[in-house]
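First chain written, first letter: the chains are A, B and C, and each begins at residue 1.
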Amino acid sequence: MDLLYQQLLAPKKWSAFLDLGIWRFLWAGLSVTLQIAAASIVLSLILGLLLAVMRSSRLPVISWIAVVYIEVVRALPVLFMIFFTWVVASRAGLGLNLVGQASLALTIYTAAINAEIIRAGIASIERGQVEASRSLGMTYTQTMRYVVLPQALRRMVPAQVSQIITLIKDTSLAAVIGVGDLTRRAQIIYQSEFNPIQSLFVVALIYFAINYSLSLLTRRWELAIGGTVQAVGPSRDH
Amino acid sequence: MPPGAATAVPGAPPPFGTALANNLPLLLSGLVTTVSLSALALILALALGLVFGVLRITPLAPLRALGTVYVEFFRNTPLLVQTFFAYFGLPAVGVKLPGFTAAFLALGIYTGSFVAEVVRAGILSIGRGQLEAARALGLSYAQMMRHVVVPQAVATTVPPLGNLVIALVKNSSLASTIAVADLMYNGEIVNSRTFATYEIFGFVALCYLVLTLPMGGLVGALEHRLTRYRR
Amino acid sequence: MMHLPRRAAFARPVSVLLAAALVACGTAGGNAAPSGLASATARPAGTSFPATSYMAKIVQRGKLIAGVKQDVLLFGYLNPRTNQIEGFDIDVVKEIAKALFNGDASASRVEFKPVTSAQRIPALQEGSVDIVAATMTITDERKQQIDFSDVYYSAGQRLLVKKDSTATKIQDLDKADKTICAAKGSTSEQNITKFAPTAQKLLFDGYAECLTALQQGRTDAISTDDVILAGLAEQDPNTKLVGDKFTDEPYGLGIAKTSTGFTEFVNGVLRQIKTNGRWKATYQQWLGKFGPVPEPPK
């Protein structure tokens, strides 16, 4: 019991967090985390859109390439993608720094998931609506633009936000290749301060605050678009 | 400097596949570790998920709160942080777990928070109206469970659980960060020894594909059947 | 690898980093001894260089640009509190600047550009830096792409153990019940297999985890380049470096092959500082606490 007090609650284990310098140090880590996340989100949306379009192409070769990419990438661990990208990118001399390599790995991974979210979102619009629009004389583009996409995009939001939450958690894996993100900085702190429990807990709280807020926003959104909310998109990926 | 990035091994490189052939036993033992780690973590996750999922819908507010705290905390924080906590954090309070144990505990607790949500959704999906109707029709409790509750609960929970199993197997790779000799770890070791990155990582990727793709296909088929039924 | 900023609030003895920052400022300003650099082999500072030599180009530009590490504690490290890069490599570069600019190695004369290991050679080849001082080992492979100065630091693999450990060399740990920690896939790991084949190996992705493992008794020692070990020891004063180097990693300054005459010039400067005590003083400043100052490498 005394040991527990000493190790968990003792002031000297927490005193590091009274130092403003430590918070600045962590803040720098948080901005690296968010940088990687932001870069990956944006790039993976673009790549994911491309993949979704390829997948629905009439040409079997193009569709097939997209399918293989999506299924293979989704079957691999994110850590594997990060390591593989790290080793190959250094060899290829692309001039990417570690943050860039981590972002690239996460982009490649998330794009596959985005492609599926987009596909599921569009597919969730009942065929009846498409048929009705066409019989009203709307062209394919008009159907997509005024009927399908607005609804599909609204339905995709929960899945997209869920993916963002997963992405923010996955940025912690960049610590493993040496990126100075939030998780890595927690490690550095507890090496000199000997407070792994406290440091990891504080950092966990920061991740929690961000992700929980995002999930609350999703719930609000789901209620706002109301009615029968069908959560579209793959739930395979955590 | 990442292993395998240095170049210029003098002389012609050995034919493609030799590095893999020479190190196959090590890689396969890593595969075995991955599978056993995943299996243990899954059992833990199912147990915890069932308990906390039910807690989340009990009428007692404090129990519900406990369930909510567990679920929301563990699924919104990174598994890596939880793994480091289990391995590097616990020794501070005198609990020095070996890598394998720390890894499967962290993985099980993390995944359990997702299982709890699936369990909760599954139980809630059985509308109260159905239970009342079943009783009104004269079905006994056991009959109600057998013919009304369980089939629907299973149908609702099995596909998401399948997805969670896939995620769990992939997440087991994090054990490599705390020196557990799983597939990922041994793959890295062999890669740095032989520099045959594409061979070795290709094999590792293949193993993960074999572990997850069949399950993915199964889940996809189930989801498809379910969505069609719902529509 | 990045390190924690020293905490002002904590009552620890003044860190080497802080002291070093103060000393470094001092040397650049007042302590310069330009005349000491005049010798038969080195160009006397302040005299003009042949118009075609690379040195003339630098002098004309007005400053020396050096590629350095910014995340290697004690060698090339960006001190978050002063926002200056400091370390052994930095001080060596400053000596060269002094030789070029008549004793002046202030911030207007030297620009330190952070480079990663992968960028070291391309930066020279592209001409974005004049010289590279970034814990770079001289290898035949690299010699094909750039020139190296003479060895300015002799790194090598050693051991880091807890202060109360009785091990004094790698062979002491060559037992089945001993564990040594290193980074997965590093040459350090391979050397451990070579020099302590029966020891257990604990491998992590980085030395941060190794240090925690050492602190928690999961491993008896960490073994890698002494440069990295010194950085770890700096973070945890309850550890010590032991054992002689059992591998040899000669560090050299990188210079582009097209820089006429620069390599000879730099070698001249290095010879100077090795004989006039500057090398030893720099070593003492950064690494003195880890062991006696050795003789400068040849």
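We adopt the following convention: contacts are C-beta pairs under 8 Å (C-beta built on N, C-alpha and C of every residue); 3 or more make two chains touch, one makes a residue touch a chain.
Since the model is a prediction, treat every value here as computed from it, not as a measurement.
Chain A has the Cα centre that lies closest to the mean of all protein Cα atoms in view. Note: the chain lying farthest from subunit A is C, by mean C-alpha position.
Each chain gets a centre from the mean of its Cα atoms; for subunit A and subunit B, those two points are 18 Å apart. Each chain gets a centre from the mean of its Cα atoms; for subunit B and subunit C, those two points are 44 Å apart. Between the Cα centres of subunit A and subunit C there is a gap of 38 Å.
Each of residues 118, 205, 209, 212 in subunit C touches at least two other chains. Across the assembly, subunit A contributes residues 90, 176-177, 187, 190, 194, 196 that each touch 2 or more other chains.
Counting partner chains per residue, subunit B has residues 1-5, 88, 91, 177, 188, 191 touching two or more of them. Within the complex formed with subunit B, the residues of subunit A that make contact are 3-4, 7-8, 71-72, 74-80, 83-84, 86-88, 90-91, 126, 165, 169-170, 172-173, 175-177, 183, 186-187, 190, 194-197, 200-201, 203-204, 207-208, 211-212, 215, 234-238. Against subunit A, in their complex, subunit B makes its touches with residues 1-5, 7, 72-73, 75-82, 84-85, 88-94, 111, 114, 160, 163-164, 166-167, 170-174, 176-177, 184, 188, 191, 197, 201, 204-205, 208-209, 212-213, 216, 219, 231. Within the complex, the subunit C residues that touch subunit A are 1-5, 7-10, 80-81, 116, 118-119, 122, 205-206, 208-209, 211-212, 215, 235-236. Considering their complex, residues 15-16, 18-19, 21-22, 24-25, 90, 93, 95, 97-98, 176-178, 180, 184-185, 187-192, 194, 196 of subunit A touch subunit C. By the touch rule above, subunit B contacts subunit C in their complex via residues 1-5, 8, 88, 91, 96, 177-179, 185, 188-189, 191-193.
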